[in-house]
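Take this structure, written in structure tokens, and hold onto it; I'll ask about it next.
Order of writing sets the chain letters: A, B and C. Residues in each chain are counted from 1.
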């Protein structure tokens, strides 16, 4: 909704709405509906993850030991901070303080970049070790560790699938399939979010928002918080539980 | 009914001539123009999908490959069958009624000037066209032979252009989400003063329930399609049994969307039927609240029944029982609606114009389709019927006999409103005769074929099934003829139909209180609603 | 409609919380039962209970004992008026009259944001710390629990849901609810087929 400020500095709402607040409420509702779709999309991935985790727990246990929980924790802190700065970006727009808003939004983008940089290191490390999804997987050490872990488990707790060592070695790369797809899709959303925040930051800098009208900032903020929310769940499930 | 406080304008300055030139159409944010663009696209894709249907039936005219009148390989047959499904499901029926009639009528029925997010509406159209382009593009790149259901592991192993096809479906799903989002916010926020949720037409209720399903179900299809892509490109192993995956999990994810999807298809059709029956019986719809809440109930329960597509897939017995019982439940709100429609006609002043013929055809055909669905819901019977022509007949009865009849009826009904001209009633009735007869000739034998055990998606089949297949193929030509006549009626109406007034059918809903075609802003002054939408007396 | 939206959120949250605990065998029937009975109950309330509500309002008004019930009675009266005689009442869901008004959007003060940030950071520390100790299967449960609390804070404050209207909360809740449905039913199939490892 590009709403142009008129010469007298006021914003005019679109003609099919009754007022700016009518438009604001509607826009917000629309963004929330879209967020529901994002949750359900990532949720599907979480469902598949949880199911396979219960079926093949040793693979996921050993696999998560290959993830550096310190880098993951830093990324978590980075994203939470970026959520904070995003909220500040909205706050300063609400208070008609575009300069501070731009700073807050810029900080948010910086956090996003930091996240992607750390992610780049994680990915390149894994690719280097051959810990990649199925087709290209080449790390036999991981497969051996899985077999070793299973051999240390009490016999009664083994299902038929788990007791088949060769099968377990063959399907071990499943863990990294999940890792790359889940964090990859999330990373894509971080990049998209960063671009959206940049767009909104530029518009703030140009003075196109104010206390009466800051809806795009709020909408982008909601998207960014969802991205953070997804990571809040991804981090423990991938990095810590194992 | 609703008091529009302005005098009726002459209909000279309307949305069609508001601005001229092709760019004004391509860059429009007017929901009515977007609806017309969708109409052209959907009808075109319907034609293409219909041609594939004729090819499928033509290929099935003879049982053994050496006798086939069209000499093709089984792979090519799989492609015909897949494209027929993909085009009809993703490009015609799922978008069809919401994108065309929902876009055109929702704001007008609510007394609004446009949908909540007009530019998003235009974006939806372009996203839809991009997806359609990708889907049609697969025809030239690698073709699809997996069926529209993309079942693993075949879809992972086949050398056809599956990745492009799943991207196409993903993109069209995106368009579907954006449209649904738009409609929900429009229904919540842009109703006319005095128009509570209990005063909106049942078509709006139907579109509202449909949009809720679209928002909740389509994302899961999205992730499923992305996962197929990841599986093919990276060998992730989530659905491939060789790599530890579970193909049945794919089916769970796929049908979590695709079952609600069929309700996305049928709910708007039922909304149209409510409008047609009350208008052409000149009577208040019987049980407005029941029909409205049934729409919501169908939307909700539709999410709980997807496993009935998977009774023989290897899913557990427990799950089978669960899904079977709940599926029986979903027939209840549907039956409520059906009885309410019939009760509306009772002691009404029924006029059998073309739209009403289609509506009555719907009642008959959809009932058969729905009832056979209940038979399929019973696990014991489904073990025999699964993947036979019984299922094919069932879903064609509900989708063609249901949705397409309602679509065509709606098209004839709202044609005067959309274009300001009347269609030729004789041509319309003639099209109905061919469509209705042809449909039954095509698909009723398929119930028998399925009960006799003929499997679906088979290119070569036992010669004992041949006679019924031949009857079915002849029927397909009749349907084709019927829809061609309908198209001729539409085009004839566009070119030389007699001028239509604001309310040629004498209906009571808001869209008939504004000139035909409507002006750019829909209403000269925003109407105030003081009465219900169907108060004929 | 308003009744439905008001109550559905509470029911949705209860179901979401209980699904993991009751196990997937019990969950789906509970969910179905809840969904169906919610719809049925609210439809019934709206259609059939109108008369009882009217009598209640009349009684209370007559008896002069209303007191704290006054706002409730007014709301109830509006609801009935809205159903029976809609022209007379502006329903609150359509903000149709504010030609000039902006209602003031609630602005959350910065100290609250800082507080939430601290809570989230502490939550992260807790999550990492707990993960170092082996609680067996409970590790996952605790991790998800802490994550959910953090998520609740992000939703309530950063995303404004605490100060937003009920509909947005219902919209979000319903997304979550349907996700639970997908988990529950898929798991109901898979776990009644495959043997699940006890070390979750």
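By our rule, a residue touches a chain if its C-beta (ideal position, glycine included) is under 8 Å from a C-beta of that chain, and two chains touch if they have at least 3 such contacts.
The structure presented is a predicted model; accordingly, all values stated were derived computationally and were not measured.
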| item | value |
| --- | --- |
| Chain-chain pair with the highest tally of contacting C-beta pairs | A-C |
| By mean Cα position, the chain sitting nearest the middle | B |
| Whole-Å gap separating subunit B and subunit C, where each centre is the average of the chain's CA atoms | 32 |
| Geometric centre distance via CA averages, subunit B-subunit A, whole Å | 35 |
| Distance from subunit C to subunit A - Cα centre to Cα centre, in angstrom | 24 |
| Junction residues of subunit B, two or more chains touched | 188-189, 216, 220, 246, 249, 253 |
| Residues within subunit C bordering two or more other chains | 95-96, 167, 174-175, 178, 182, 186, 190 |
| Overlap residues in subunit A, where contacts from two or more other chains coincide | 22, 25, 29, 33, 36-37, 39-40, 43-44, 47, 51, 56 |
| Residues of subunit B touching subunit A in the complex | 107, 112-120, 177, 180-182, 184-185, 188-190, 215-216, 218-220, 222-224, 226-227, 230, 234-238, 242-246, 249, 253, 521 |
| Subunit C-facing residues of subunit A, complex | 18-22, 24-25, 28-29, 32-33, 35-37, 39-40, 43-44, 46-47, 50-51, 53-58, 69, 73, 76-77, 80-81, 83-84, 86-88, 91, 94-95, 153, 157-162, 212, 221-222, 225, 228-229, 232-233, 235-237, 240-241 |
| Complex interface listing, subunit B residues touching subunit C | 188-189, 191, 193-199, 216, 220, 246, 248-249, 252-253, 256, 289, 293, 296-297, 300-301, 303-304, 306-307, 314-319, 322-323, 326, 329, 528-530 |
| Touching residues (chain side subunit C, partner subunit B) in the complex | 1, 25, 28-29, 31-32, 35-36, 39, 43, 46-47, 82-83, 86-87, 90-91, 93-96, 167, 174-175, 178, 181-182, 185-186, 188-190, 192-193 |
| Contact set on subunit C toward subunit A in their complex | 95-103, 105, 107-108, 110, 113-114, 116-117, 120-121, 124, 127-128, 131, 139-140, 143-144, 146-147, 150-151, 154-155, 157-159, 164-165, 167-168, 171-172, 174-176, 178-179, 182-183, 186-187, 190-191, 194-200 |
